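This is the structure I have questions about; it appears just below.
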């Protein structure tokens, strides 16, 4: 089945270390495929966040190569790559001085050079999709955490990205708000958007993921489809992890 | 020290025009200083190698030398190397460079305290570094900086009194000249009241601005 | 509770001390003139007591009083005359330099016994201090840039003309009276005024001839004098009203040194030309 | 050229002496005023608190130059240098008072309550418990205020104190290098103020490290 899909992100022997001896990505090789929802899980400190932050050059790698749609992730290509992959952060990172509509318009208008008029209808439908059509003119400070994260997802969608990176999108939320964000993400997965999701929400992974990878100490230990992952992950450390959190 | 009303009756046209001059210089100079400071802090935030060092040196030098010496250098010094600027420009450039250094230091502090995530969010939207600063970071930093900035701007009111020493007929100069002719210090009292008035008006206005521009996070 | 009150009272007392010391200072200064009538000491007496004559001068006024850049000494015609006067009295001379605006207050507040600087005699000033017989008479002129088109005094009385003079000097008022249409500005020192004129910030600089000549020598060939004087200026030492003895002695010294020829000697040395008694200075 | 600068420096050194009198005395006096007014401002004593607010507001709104000229020409004080010292102390005292008041306010409420609970009087609470903690936290802003005080000493040339800037203006007529003269003056102030600025940054870091430990 993989053979039919195009590789969208390719990690080739990637090493990333903070300081001298703290290796976060340890000679990592990995492919992510177009149209898939790929969930990354693992203990905190395993390097999941760093991995996806390397994809849009928020972190610089020390050696190896990352290719996004065949293009190497370097300083020179950073902006072209960022136009293709949007990111949703753990702590939303909405700009507090702009309404959420302005937040969503900023990237398309300033980075992609699109006109406000062209964009505004499309962004309106995104807001409808996440259920914030009545809140478009609110400032982030006036919204709840769940609403903020949904607005941040709209901001990512507004870029019309080939790939959306989710960096623990529900970790900073109160429990009662996690559901509303996961629902939106499930919808996106159903639409067939390419997503790489770092999360601890195993329920979401089971329902929405096409593939789940388990990371440990800077390496991908296991990658498989969800049903296999939860029943027979094939690796002892994954089993231990699953036992702990389920 | 007593208040003699006759000074006000005899000299009110001069005092009024001096008050106007002070207000004019205050407004023009503080606007110039703020704009210049914003420009400098953008350049600093761009982290252009070499340029940053030069700007750091500029800020350190102008923060740590007296404004009066800077004004004298501009006004009485520069003509000797062939640059004769009119008093207005000397005052403007002097305040712009001096207060600009202070204000840009304030803005820089607030730019640095904008959460790192906001920089990253801007970068992931494929904005250039300048665009991130221009649209995402600077507007927040400026709003946060309003209280500190208005505090610094209220110092510009006081700075205008130094212009009396470079041939500008503002409040302090006129009260000095009233004293030279009448040996009466009421002129100084009047100008003191004018400065306080300006200061109080600015305080009220800045409270409003602070309220208006407060960023909720 | 009582301890609290005691502490508060302590702080209050401290505060009041500060306020009161401030008050007593200001009241003593205000009532100074009335007290003076009863119990003040003539400066002459205190000079003999301390063996020191303290005078105030402004330094930026060559050849009357200036600091020699090589030796660092304060010298000039006024200083030498003051020295001669001190020698006559048999006391030491202490010269304290002030900026022009601080000169008159320095005498009135009793920091110095006498002003030995280029003080123009005016009626208003005569109400504040006793003038000694003038030590020099100079004409006051307007200095203009060569080729500026300003050639007569009448040209100066024009709204487009900017006049400048020394801050706190008499020409600020005089200039305002003589040229009511022109704009009157001031600068701190003689040199600052010369800069202002050269930099075209001012069109004419009003001062006495000697000051103007020193400005002209700063800017060789740039400036010229309007020969018609705007005023005659007789410069005199001055002392306080509470010191008539000192004033009397200084007047006598001035008169006698002019008669003995000593004055002419000193005049020639500093002014560079021979002393000719004028109707006012000589008599 | 070099000889000229030697002359300039030689000439200016006399002005330095005046500054060495004015600066330390004003620093100490403004600190004393600042402590008294700052503590009074914190205590919020009826009526007195209005006087404190009035004093601080006037000093914050008034240019020091105008204050110097007003006090000097009103003739209440004996000499320009004494006027300069008193005016600078009163002016900066208000700012120091604000710094100290803010410092006291920043001390956690628990410290006050702790001192009250062991029955200390207001005075001994301030002296033994609160102020020792305040010093540490206010040193950086205090040094910052002193930098402003030092720079403000250039203004006292306007009332005829023969300090650095005044000598600089005099020597312009003799040595014909105004740019050089003013640059020398600027360098002098820069050296002092820059050292103080570094000191305050250093102390700030030290204090931060200490409170984290």
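Just so it is clear, A, B, C and D label the chains in written order, and each chain counts residues from 1 on its own.
Here, a contact is a pair of C-beta atoms (placed from the backbone, for glycine too) under 8 Å apart; a residue touches a chain by one contact, two chains touch by 3 or more.
From a predicted model like this one, the values you see are computed outputs, not experimental measurements.
J.: Stepping chain to touching chain, what's the minimum from chain A to chain D?
T.: 2
J.: By Cα centroids, which chain is closest to the centre of the whole protein?
T.: So the chain nearest the centre of the shown protein is B.
J.: Looking at A-B and B-D, which pair shares more C-beta contacts?
T.: By number of C-beta pairs in contact, B-D is the larger.
J.: Any idea how many Å lie between the Cα centroids of chain A and chain B?
T.: 46
J.: Averaged over CA atoms, how far is the centre of chain B from the centre of chain D? Could you give it in whole Å?
T.: Each chain's C-alpha centroid was found; their separation is 21 Å.
J.: CA centre of chain C versus CA centre of chain D: separation in Å?
T.: 32
J.: Centre to centre, by mean C-alpha position, how many angstrom separate chain A and chain C?
T.: 81
J.: Out of chain C, which residues touch more than one other chain, so two or more?
T.: 26, 101, 188, 191-192, 195 - these are the residues of chain C that touch more than one other chain.
J.: Two or more other chains in contact with one residue: find those residues in chain B.
T.: In chain B, residues 1, 76, 80, 165, 176 touch at least two other chains, as defined above.
J.: Where in chain D do residues touch at least two different other chains?
T.: Each of 73, 76, 157-158, 169, 172, 176, 178 in chain D touches at least two other chains.
J.: Taking all chains into account, which pairs touch?
T.: Once each pair is checked, the touching ones are A-B, B-C, B-D, C-D.
J.: Spell out the part of chain B that touches chain D in their complex, as residue ranges.
T.: 1, 60-61, 63-70, 72-73, 76-78, 80-81, 154, 157-162, 164-165, 171-172, 175-176, 179, 185, 188-189, 191-192, 195-196, 198-200
J.: Quick one: which bits of chain C touch chain D in the complex? Just the residue numbers, please.
T.: Interface residues on the chain C side: 3-4, 6-8, 10-12, 14-15, 18, 25-26, 29-30, 59-60, 62, 66-67, 69-70, 72, 97-103, 105-106, 108-111, 188-192, 195, 214, 218.
J.: What part of chain C is in contact with chain B in the complex they form?
T.: Answer in residue numbers: 26, 101, 124, 128, 164, 167-169, 172-173, 185-188, 191-192, 195-196, 198-202.
J.: Can you name the residues of chain B that touch chain C in the complex?
T.: 1, 75-76, 79-80, 84, 86-87, 165, 167, 169, 173, 176-177, 180-181, 183
J.: What residues on chain A touch chain B, complex-wise?
T.: 56-58, 78-80, 82-83, 85-87, 89, 91, 93-98, 106-107, 110-112, 139-142, 155, 159, 165
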